[in-house]
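Note that the chains are named A, B, C and D in the order they appear, and that numbering of residues resets to 1 at the start of each chain.
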Amino acid sequence: MNTHTLDLDSAVIATRAEVAELHAELVRYGLVAWTGGNISGRVPGHELMVIKPSGVSYDNLTPENMILCTLDGVVVAGTLGSENSPSSDTAAHAYVYRNMPEVGGVVHTHSTYAVAWAARGEPIPCVITAMADEFGGDVPIGPFAIIGDDSIGKGIVETLTGHRSRAVLMQNHGPFTIGRDASDAVKAAVMLEDVARTVHVARSGGELVSIPQDRIDSLFHRYQHVYGQH
Amino acid sequence: MNTHTLDLDSAVIATRAEVAELHAELVRYGLVAWTGGNISGRVPGHELMVIKPSGVSYDNLTPENMILCTLDGVVVAGTLGSENSPSSDTAAHAYVYRNMPEVGGVVHTHSTYAVAWAARGEPIPCVITAMADEFGGDVPIGPFAIIGDDSIGKGIVETLTGHRSRAVLMQNHGPFTIGRDASDAVKAAVMLEDVARTVHVARSGGELVSIPQDRIDSLFHRYQHVYGQH
Amino acid sequence: MNTHTLDLDSAVIATRAEVAELHAELVRYGLVAWTGGNISGRVPGHELMVIKPSGVSYDNLTPENMILCTLDGVVVAGTLGSENSPSSDTAAHAYVYRNMPEVGGVVHTHSTYAVAWAARGEPIPCVITAMADEFGGDVPIGPFAIIGDDSIGKGIVETLTGHRSRAVLMQNHGPFTIGRDASDAVKAAVMLEDVARTVHVARSGGELVSIPQDRIDSLFHRYQHVYGQH
Amino acid sequence: MNTHTLDLDSAVIATRAEVAELHAELVRYGLVAWTGGNISGRVPGHELMVIKPSGVSYDNLTPENMILCTLDGVVVAGTLGSENSPSSDTAAHAYVYRNMPEVGGVVHTHSTYAVAWAARGEPIPCVITAMADEFGGDVPIGPFAIIGDDSIGKGIVETLTGHRSRAVLMQNHGPFTIGRDASDAVKAAVMLEDVARTVHVARSGGELVSIPQDRIDSLFHRYQHVYGQH
């Protein structure tokens, strides 16, 4: 399939539109500043992903300037937007898609309260029912890793594989969230900052009441299987 | 009365419109994230309530997709919106309407500061006059209870029956507020988060000055009876 | 002059418009919730003031529903808006106008950080130059006083008379600010919350550096006399 | 070149437009209150700068009311906007342009968290990778200095000359940021408040994990030279 055909492929078109539009949620919930943060989505039926371009204002994101990449993080030459650079976090997103086939969306932000836990290297304890619902327990810390090779992607995959949480706080860096599609990963990013802030505020006022493990388990089970809306 | 008739009933139409529109206040005051939170209203003259559908974006709430339920929390088949599921907190709202006949509206959110007090299982002390006006004293903590039976509804009713406060902080979960109608319950949710945040900030800076009980009493009395605008 | 003539008086018309419009600034800066907070303005050339009606949504404030009162806080019968009740804080505003002839505007809010200092009965220390500019030193605490007589008005006047600060934090209640006109009092309310928040955050992180008194004096002097824009 | 010609010069026109428009970013990111804060830009090819007028509402800033000044901070008589006073911080901006030829833009705000660090006279420690990227290490404190002579400008220049950081926190006062152009300085102001808030929140929750100096160095190097988008 040549690149011209890719731009006409309905799965690519739909993923471009979804990924572009979802970036507005990061702005709406105050998770990003300036051009920071990025969302990607796997293109169903292809070994491809769509991701935000680097250094473009949130006001100017469109389906057409989203960037189509292989799952090795290489821009597909000749497609829409390919004249720009993809997000500098592209390698990390690509690593996740290659190693976690069930993941259809990845989000990265530097949202304030999530980064605050990451700067202390401290998991967020599960003391509110919304956290049990959404993350099934504590939100874990991933290793310190810097851009330049696959160490960020590896850290995400090693931390989240087999974990209930769809969110990891990369130490001194910030959160990555995953989901069955891009929207689900964005929801996880929004809810993560919400619980990161709430638990921070709660603990700053005194001692937290813990939730028994069996209650966390049953809340998580219901939310995933009965409610079916995570 | 058949369900078609219900969709034409002016009390049902008015309650749908009021409940749908009030959800915008939860967004305006930053009390909710993603599809979390819910408002219900009792339908005057019927053993019915109107509540938010489950998992629908706040951008897409309309009078037509609000869900009409009996006071047992059962969707009234064949009415507008009945193809969707009602809020997963419907049983708790319904329990309140069945057991507190003076209540015409119920609101549930996971607003940050209210949940923070709930995660410590700590009532909010009444140290500001706005709290004396609105809640008549401390905002109480309700029991830990999880979804699945009537335990949340029971916890709300047992805590608020005979209490001045229209708000309860369900432990490790979050606030439920009640009111004579849905708007009054939304006002209580807005003011609750406001005082939860203010008292949190106040105490984090040092020792609070308490308000003598007789002053709390006279502020509450004036606000309820003289001012008449709660 | 009869009341019909008052509604045609250009000073009354201008004050109604100014006071109505300024309320939007309280919303813009997040100083108020629901229908709380109020602004008044003295009508130049008359023994009259214009104030917000009680219990009306900020979305619905117009020049026509502002309420014209005497400086005893009595609604001028037959004028626009006089069918509604004036703000329940009208007596306090009126007391200020009667006793501080240089004051042309009064603002009251329950803004979060200002109320937090008030709940501890603690003046805000002047540790940032913006505070020296605007308030000339610490922002003082006024007495505990509740609605029902002139005690709130008296507390404001006794605290602010001869004081550099245009803001007072009434203990356990919240801020009142004054100005040469309504806009100036609104500016003081906005800047007060800004410095109340900043100094709270600053002190929560460690020890503050004080500013020498002579520097505070020279900053205040320049801002009032050279800059001329307070 | 006479002043009429200056108003027709394309470099002046472009700088007026850029500086006027960028002020909206200070509002968008909540960095300013009322008429506080200011942005300036050097006019390429001239010994001139464009700066915000004093005391004008952010709603009313236009290219035409921006003020054209020499690099001594003197308004160029007869040009657009010259009937108004330039920002009271003009002397500080001008001093920076005279002494740091590589600087094309300067921003000053009283943003909450940056001022909080300044009120303690405490540099912001570099514990998050975004800070290493953007500022290359700690954000430094500048001396206490008040308006009236060149002491603020001198303090900025002495602190930032040879420093990686494009931001300085003037003690008890607030941040000044510089950039290769006005947009770059605004980005620095936005990112500064973001990291000032995040590190404040992080430390208020417990002990921070430091980042090894060589990792800070390599992050900064990549961001400036490889990424090329600071």
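One rule holds in what follows: a contact is a pair of C-beta atoms (placed from the backbone, for glycine too) under 8 Å apart; a residue touches a chain by one contact, two chains touch by 3 or more.
The chain lineup, named per UniProt: A, B, C, D = L-ribulose-5-phosphate 4-epimerase.
Please read these numbers as outputs of a predicted model, since none were measured by experiment.
For the pair subunit C and subunit D, there is no chain touching both partners. In a homomeric contact, the two copies may use the same or different surfaces; for subunit A and subunit D, under half of the interface residue numbers are shared, pointing to different surfaces.
Farthest chain from subunit C (centres taken as the mean of C-alpha atoms): A. If each chain is reduced to the centroid of its CA atoms, subunit A and subunit D end up 32 Å from each other.
Taking each chain's centre as the average of its CA atoms, subunit A and subunit C sit 45 Å apart.
Annotation for subunit B: residues 204 touch two or more other chains.
Viewed as a network of touching protein chains, the structure reduces to one closed ring of chains, two contacts apiece. For subunit C in complex with subunit D, the touching residues are 29, 127-130, 187, 190-191, 194, 197-199, 201-202, 204-209, 211, 215, 218-219, 222, 227, 229.
On the side of subunit B, the complex with subunit A involves touching residues 33-36, 54-55, 88, 110, 112-113, 115-122, 144, 146-148, 171-174, 200, 203-204.
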